[in-house]
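Note sheet for the following structure.
Letters A, B and C mark the chains in the order given here, with residues in each chain numbered from 1 onward.
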Amino acid sequence: MAESQDSSPVVNRREALSTIAFWCATAGAVGAVGLPAARFAIGASLEEGAHSWVTVGPVDKLSADDFKHVEYHFRATDAWREVTKEGLLYVRLGDGGEAFVFSATCTHLGCNVSWRKDESRFACPCHKGFYDTNGEVISGPPPRPLTRLETRMKDGVLEALV
Amino acid sequence: MKTVLTWLNDRAGWNGPIRSLMKYPVPAHAHHNPMFSMGSLLVILFLLQAVTGMLMAFYYDPSPEGAYGSVDYIQFTLKYGWLVRGIHHWAASLMIILVVLHLLRTYLYGAYKRPRELTWLFGVGLFFVVVSFGFTGYLLPWDQKGYWATQVGTEIAGSVPLMGDWLRSVMRGGEEMGIATLTRFYATHMLVLPAAFVMLSAAHIALMRRNKLAPALIRKSDEPENTVPFYPTHLAIEAVIALAVVLGLIFAANQFPAPLDLRADPSDSTFVPRPDWYFLFYFQLLKYFPGDLEAVATVLIPLFFFGSLALLPFLDKGAERRPWRKPITSGAFVVYAAAVIILTILGAR
Amino acid sequence: MRKRYLAMAAVLAALAVAVLGACGGDEKASPNTLVAKKSSPASLAADDAAWNKATATIIKTSVIEGSKAKAAVDVSAKALYSGSDIWFRFEWADATETAARVWTFDGAAWKSGGSEDRLALYWEINPIDKFQTRGCAVLCHNPDTDTIDKWYMITPGVDDRADNWHWKAARTNPIGQVDDKFLTGTLTDPKDIESANKGDAKDAGGYADNKAADGKGPAKMQDPAKQPGAGKGNLLVAEAVALDVSKLKAGDTVPRELLAAWTGSRGDIEAKGVWANGKWTVVFHRKLDTGHEDDVKLVTGKSYPFGLSVFDSAGAVDHTISEDVYLLKFD
């Protein structure tokens, strides 16, 4: 094998092998660390969040035209810690006696809405979205109605799934 | 002293490279115009942020439970904590202002044209990095302001079609805001973004030096411009400006202490979330795109904005650089600036 | 040449306007904020000139459903501070001045009666869950299953502490103080629903019951040789002598408590309250940092949530409360 072929148009075989070896080894090293690294960075992000049944309250204290403001909390695991998850929901009695429980999270960009009794509507302080007593959007940027939560009765007390 | 320097030069051989760095000829039109010092000021501000940030990291606790207490401790109990945090707070806002001024100066001077397109592209990247610094840093005290601004900011990411949910979950480290949100924002703010800033700046400055500053817009004659050496002549002016800025930041930290809102409360419905001032224009803009049009404001407009910035050197290829001879780019500047200013004022009300 | 500088100047001006516009928005104080002004009054007089510089915040209080509080009351509040001290000025409407907790003599026997007007505030000493958004509502133990007579005050966490400033028209105002107490997280006596609320540590002083051994009347009365040092109708411990019925006639009253100023943490807050023309005006004064662990430490620059209640000639649960939380801020 000739050693000195530096100016010939034919690629020097040793250089070619070295180049391939360099790139393969580098790609291998980068991939060996990089792929698990990317998976690591994502971690449990794509898993579903913590859900739980929380106490809303006794049904006899609810009314049909006024929403009750309920702050809930439950214990859950967040990454490496057990934490108390908190949130807000609103509840009222429907015409048929069933409970309407709405998550207070605005469907636009996630702020907590407040119930305005004198105006009979929910108002979001962030971008002026408004919802009616059925959670439907009256005006503003929210794209969907307020999320209605699943409910159940447990020992005479109303619970909602958050 | 001379013996030490000779010894060092003999070992490191750095006299040559340092000399060429320091003796770089700065054109007169740049030397006399403070608008040409924005870049250096940004480097100095970054160093200031790095130092104050590192100092705060000695005490900051990046967990939802401990973050607020640690920032409260820094601000109100630690000796000179108000100064370190105050400088960090005001320098952050100043960096945003200067990055915009620097961008505008380059834009209006047409200094993004051949052969400086690559410098401009790295600059757009740096702009994005600086704004990201603001966004990630805002959450760290885990107070009402930071928590809700991030809740909204990540929801905006969530409204991107197709990848929205994935993006939001990865940004939050989960479905909801929690422990993993704070740690990844902290890691990004402290490690990823500074590394990106250093690498992009190094490339940006190297390219700027290689291609030299764009010639003055108006030239009295065809003779080559007068120049002054970077060190000590031009640096003297920049050092004085830097000193004024540092003193100004110390004054600001003292007279207007960095704010700390109440602790974050995810179940609170009384707090009115607002982003930091440099996002107010966007906050206002979002109000105009109801329901299905949401994606226009959260995807199309930002894409258009950054896209048009990045593509600028390839859209405006002509040799003409004087702004009064370029109605389209000058007109676009007026429209963008007016829109941002008006939206900011409306958003602040 | 000029065009370049004009363009730059225009850009700078525009940015300045944008930033200033942005800053202006943040600084507007919400209606629930009490902003303390940096200025020191010369005395506890409610009409001290320094108070003209402070902005008044209206603290709205409402009646607790089921209590016997008469009506909702709005309290106009102002605050001033110096490098080391803080003053509060509260003003609210009250048709009658009630500041007499007395034994009344009918010629033969005694009857206990009378009441007093009061004002009370709660602050967090350590961060209390939800206090910053809901105020003293989180300090009230009032489950749906209990009737109002079983409600009591207690902090939600066993290790929480809340600072209670309780001004009493009959028992603390005459000696120029506010009763400085603190709320804990356990009922030290399960049968006493007020046992979570404790008085701050004291060196000496405080009011004491004026009760005879049989509990049917007072034990002491004002020394007739001395003018009442705390004003007519107030009996100081130092001026009390043994009861001598021969000096009294039907209709006379003797205070149910003997008063003495506290020294030590319990006496941290001095006060001067005056009732005139259907209004109470009360000024409090305390060190920003008392150095005591049973007090809220106030640091200028931070914000402090607090709740307030008004008692109109009443006690226990019969008070109005501020339903929203209020924030003390420093200018």
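Operating definition for what follows: a residue touches a chain if its C-beta (ideal position, glycine included) is under 8 Å from a C-beta of that chain, and two chains touch if they have at least 3 such contacts.
Model, not experiment: these values are computed from the prediction.
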Touch-based graph of the chains, sorted into line, ring, star, complete or other: complete
Reference chain C; chain at largest CA-centroid distance: B
For chain B paired with chain C, centre-to-centre distance based on mean C-alpha positions, whole Å: 48
Centre-to-centre distance between chain C and chain A (centres being mean Cα positions), rounded to whole Å: 44
Approximate Å spacing (C-alpha centroids) for the pair chain A, chain B: 29
Two or more partner chains touched - positions in chain A: 71
Interface hub residues of chain C, defined as touching at least two other chains: 130
Chain B residues counted as touching two or more neighbouring chains: 265, 268, 270-271
Parts of chain B lying in touch with chain C, wherever the complex brings them together: 33, 35, 72, 75-76, 82, 93, 97, 100-101, 104-105, 108, 217-218, 257, 260-263, 265, 268, 270-271, 274, 277-278, 280, 323-324, 337, 340-341, 344-345, 347-349
In the complex, chain A residues that touch chain C: 57-58, 61, 71
Touch list for chain C against partner chain B, complex: 1, 3-4, 7-8, 11-12, 14-15, 17-19, 21-26, 127, 130, 132-133, 299, 301-303, 305, 324, 327
Residue ranges of chain B in contact with chain A within the complex: 63-65, 148, 151-152, 154-156, 159, 166, 169-170, 172-176, 178-180, 183-184, 265-273, 283, 286-287, 289-292, 294
In the complex, chain C residues that touch chain A: 130, 144
